[in-house]
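Common to both upcoming complexes is subunit A, partnered first by subunit B, then by subunit C.
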Partner chain A sequence: MTKHLRTALLCTAFGLASGWGAGAGGAQAATIKVGVIAPFSGPFAMVGKTFKEAIAVYQAEHGTTVGADTVEFVFKDLDQANPAQSKALAQELIVKEKVGYLAGFFFTPDALAVAPLIDEANIPAVIFNAATSAITEKSPRYVRTSFTLWQNTVPLAEHMAKQGIKKVVTAVSDYGPGIDGETAFKATFEKAGGSVVDTIRMPLKSNDFAPFMQRIKDSGAEAIYAFLPAGPTTLAFAKAFADNGLKDKGIRFFGPGDITQEPDLPALGDAALGITTTFNYSQSHDSAKNKAFLAKHKELFGSSDTVTFTSVGAYDGAHVIYTMIQKTGGKSDGAKAVDAVKGMSWESPRGPLTINPDSRHVTQTIYLRVVEKVDGKLQNVEKAAFADQPDYGYKVGK
Partner chain B sequence: MMSATPSAATSDRTDAARMTASSPPLAAPLKTPRDLGWIGVPVVAVAGLAAFWLFPSDLGLLTRILAAALYVLSLDLVLGYCGIATLGQAAMFGTGAYVAGIAAVNWVADPLALLAIGGVAGGLIALATGALILHARGLTLLMLTVAVTQIVQEVANKARDWTGGSDGLSGIDPNPVFGAFRFDMVGRTSYLFALAVLVVALLVARRIVRSPFGLACRGVKEDPLRVSALGGSPKAYLVAMYAVAGVFAGVAGALTAVTSGIVGLDSASFSWSAEALVMLVLGGTGRLYGAVIGTVAFMAVHHILAATDPFHWMLFIGLFLMGVVLFLPGGILSGFERLAGLLRRKGDKA
Partner chain C sequence: METLFGIAVDGVAYGMILFIISVGLSVTLGLMRVVNLAHGAFAMVGGYVASYAAQSLGLPYPAALVVAVALTVLATLPLEKLLYRRIYGHANELGQVLLTIGLTFVIVATVNYLFGPTLKRIPLPDLLLGTVSLGPKAIPTHRAFVIGMGAVTLLGLWWLLERTDFGIRLRAAVDDPAMAAALGIRTERLYMATFALGTGLAALGGVLGAELLPLEPYYAIRYIVLFLAVVAVGGAGSIFGSAAAALALGITDTAGKYLIPNFGEFFFYAALILILFRWPHGFFKGRTA
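On to the complex of A and B.
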């Protein structure tokens, strides 16, 4: 017993001493830690992997130092949406690891959970994904480099109205992002003169879509706006859409780009052909910056097939954090760091980005894409671009 | 640290053995050793305080462990003392967390009042669902408990205006405890608050399982037919204990809501129910302290593995669980007991 106690005490003493050591390093040549909370195991492990790889690509391109300071990323695994654990991990990162920045966050509740912490510790949190508009309203220290459903849906709804489409059915999964998409679509499309003839909310875990297909057929709609979580559910939905003859009947399939993200396209197969989506990033985006990003990714990890929207979210997030460190001279002051990047613009693999000073969310180009076969490989081929789209959902309310 | 309990019990038993040798007429009553289980409560309190000093920068994790221990304790009341096989404990935990969270956002800010609200909510839902489903046994009951959890989770998902749906219920900002101790960032208040709640809960749970009511529940677990032959109603006992456990789970949920400031759909999920079962079996069922030890062991190992290798830790935790199940089938506490048994036999020989 006493032996254990002694070991424990020694450990604590050592821990404290090394903590002081790091603190005493002061302004020159300190190591600035960035805590990344994301799923690195379990069903969403792919997301964490894309975050980690994108950060590695960024560091390979820009080095691991900013000025005299070394930037070190610390990864914490949060395998599923679990806000209480997210908060405990953030607490540990701040108190024990002494991180100066928090980043990552795939699920909305996990991002929301750290709001009181980042305010009290005065630490910025850069969100790589979590896409509910309301997050950045909860603390002035959130900056987001991903997208929101409003941001993707509004240009899509406007485009559809311009195409002369009058009657649309919305079919969304019954959870936060789905409802967000439905609300955004309905508001925009009806304002543009179209009518939403039916709003279908499908159970999140359902894989049998035949009854919904019948409802869509009966409604006499010309097109559907669909949003489901990426993966098997979208696959089943797209298959049911083709199998029930809706595709042959000429009903057109629209949705936000999450549903046809690159890693899922091979599984979706030919059922996905012709799906029209709007999104902030496509692997096939034609720009020098994107080509360089993909090439570096391939060089480091052997393949760039897994590169997707979460990759650019993390890549641009790393850029924002580097800029914050550079502009604050390595001093840890969250409020100042966020102020320093308000309004900043840069060129990303996905196109030009600007951080909106009010919403602290990226204003970006949203692309209209159609799933087509290019050289035998399914791709989201960009057809049009809508420049400078802000987060339309900011302060819209629930 | 926990080994203090069994070893104390052992010395007690060897004393008893010696006394038996000298005074044979007293043999019968002394065969059941004097109960020293109460030592566990101060041991938990002291160990908890020691952890507070030893790991001052891990209080976030430690607070979660304490709240989870309370939750697993509630499962032990149901499974360990009534033999109710359930995968639905998260329904009560989630209800307690959500009701306390909603109360905190809209009306109440006192942390103790929030715990009470969560406990009442958890107890009520357990009473209502328990009365409906506890006529079933075994696998049927298991399925029904899973169904109850799914319903609670779906209600929480649908009632978006109240619960925030899949975005989680945020904005829970309780007042300082007793108006003096603010919930700080490092988590000192949260931790000590949770520790106090757990210790009180252990005392209450101990009192309950040793009361005539608790003994009757154990009777139902062992032989329900006999209990009804004696004039008792097995179902009434089960429902009552189910509701009592619901109160504990509700308080645990409210404790999580108060200390973390947010409630998510995961708090009423199937996997959270299953995890409680894993932690309880790991520690040992029907012992109360097994719940605490199992939770501490599981979550500490989970945390250490996930911190050292955030990418492959799940494999190692699987191996760890298999190891425990293979070598200590009755849980960690049973290992201590077996050790104590060995020592005793040696003592008897000497």
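On to the complex of A and C.
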């Protein structure tokens, strides 16, 4: 154990020293590398693809240079949640590739695992997705451009209470973000006068959702709040909801927007119609910036059908990194780079964004969307917008 | 009372789906003594063919089902001739596992390359949409259809293996290959036909079960434990054993999830352990024992 630690320290020290060496070159043009850790193969390969494509779109729009420096993205494949491997990849990127920035991270544990490394090497890590609130508390060098479960859930729970809904069942996948969602919903909804009649935690690996549907039916709830990670289980859940007659019984389906992400909508089919979600991005968001983003994506990759929340997470993440490089004049100093973007505001394809100086998480507009058919294609159609939503989960219970 | 009835109905429905996607594996594992870990991959190929036939070629559901089963069998027959034939028999278990898991990876990568990582669906005909009510409980029509198909498969297989000439020869070839060959039974052809039966059943299960186990390239690896569990509990090669095992596991899992959802998959695996502890060869001692 101590041997490993010593090796790690030595490696980091060596990395730092060589980093300074390169920095001493100073003003002359250099290549600044950004290491992106994400799933590029395996069941979640779609995520890596959206990251890569969004970064390519950003670079096509803004060029590959900042000042005199060239920005190069280095991609490392981490096919599933694996914190040890995440740490090893980050170390390799820092020591061998000499990256100045880390980015990506789809799963919470992978993002958490690099905290000690980025602190020792003084490198900023820009999180494109991992949505557990607690992550940014673990190191001052994390900046996050995605969303958190709290951020999406609080406005949704308030909206549901305003609709006069009194009795709700929560059904979430039994893991970090799911439990975040359940806690956030319960706290907000009960404060607004509603009651949560049952909280169901479903195993991540469930195939058959019929028993949960029966439980929801028996509880006499008017609506459900559901969260599952995007993918096959969401599909089975939404189908079971429609097939077991809950939809016909008039039970309403609410949840964070992960459950109706754009690449899954065609497979969900008409079972998805009417699902009401809150989220930070919809492909159908009506703004010039989003249209330009989608058009550029289509121009580069032939289709923009798979553009989804992970795409804008990476696109805005790239913007943050470009800004960091510009403000620090290309010098590698993580703490300074993070300070430089605190409070920064800009217009993204999803709407206006601001980096909260305390939580280093984006404050953004959260949209209320309903799945509808637009020109024969299922879309998350935006119905209302809740402006300036912070991460309500930052330092909750501290 | 109503709760118990609900659990029973949902449990039987889930169990029948488990049965229909696992029985093909019971045939290859029990009757041919091949640990075919590529079973899930064959099921997935069937599902993808049906999805492509229905969505891109516009075939109706029954036609897509037939095309999927036929094409999967046709596509895997050369594999039998080139690869599987070399790994038949007891002495070769490690070889079987290595070959079939390798084959699974190849199929996963190919499907991922050809169809992409997104979920695929097989559109259902209007007839199978909606729900049918059984007393106080409503179940999806599609699930009722799968239960019916499961029952038909169960009886059909029983008849084929126990009551036909083919079945007699097959059982003879399994019990004593050398003697069967000496009596003039063409064991090679028989094995090929049985392999085709196994992959055909896999494809059928892949298509019918697609509503519950959605199609994506990692289907082949994600659900193989489920299939193996059913076959292990049922006893390899026993058709009724597979059915009994699938129903027992389906009902246990459903009851556990309904009553104590926080325990997750606990009851499924607890049942698996207890049953195997009491009956190490499964409910019905298969022909391999």
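Keep this in mind: the second predicted complex is superposed on the first by the 370 of 398 C-alpha atoms of A that agree within 3 Å, B and C clash if a C-alpha of one lies under 4 Å from a C-alpha of the other, contacts with A are read in each partner's own complex, and residues count from 1 in each chain.
The definition used in the following text is that a contact is a pair of C-beta atoms (placed from the backbone, for glycine too) under 8 Å apart; a residue touches a chain by one contact, two chains touch by 3 or more.
Since this is a predicted model, take the numbers as computed values, not measurements.
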item: When subunit B and subunit C are modelled together on subunit A, clash or fit; value: fit
item: First, second, both or neither for A:345, with subunit B first and subunit C second; value: neither
item: Which of subunit B and subunit C A:42 touches, first, second, both or neither; value: both
item: First, second, both or neither for A:174, with subunit B first and subunit C second; value: both
item: First, second, both or neither for A:326, with subunit B first and subunit C second; value: neither
item: Chain touching more of subunit A, residue-wise (subunit B, subunit C); value: B
item: First, second, both or neither for A:132, with subunit B first and subunit C second; value: first
item: Partner chain(s) touched by A:206 [first = subunit B, second = subunit C, both, neither]; value: second
item: Which superposed partner A:116 touches (first subunit B, second subunit C, both, neither); value: first
item: Which superposed partner A:77 touches (first subunit B, second subunit C, both, neither); value: first
item: Which of subunit B and subunit C A:64 touches, first, second, both or neither; value: neither
item: Nearest Cα pair across subunit B and subunit C, whole Å; value: 6
item: Contacts on subunit A seen with subunit B and repeated with subunit C across the two complexes; value: 42, 45, 174
item: Of all residues in subunit A, those that touch subunit C in their complex; value: 42-43, 45-46, 49, 174, 200-203, 205-208, 210-212, 214-215, 218, 231-232, 235-236, 239, 243-245, 248, 263-264, 266-267, 269, 306
item: List of subunit A residues in touch with subunit B within their complex; value: 1, 8-9, 12, 15, 40-42, 45, 48, 75-77, 79-85, 87-92, 94-96, 108-109, 112-113, 115-117, 120-121, 132, 134, 138, 174-177, 179, 204, 398
item: Subunit A-facing residues of subunit B, complex; value: 1, 54-61, 63-64, 157-158, 160-161, 164-168, 170-171, 173, 184-187, 256, 260-267, 271, 306-307, 310-314
item: For the subunit C and subunit A complex, residues of the former touching the latter; value: 3, 6-7, 10, 13-14, 17, 112, 117-121, 123, 131, 138-140, 142-143, 211-214, 216-218, 222-223, 226, 250, 253-255, 257-258, 261-262, 264-265
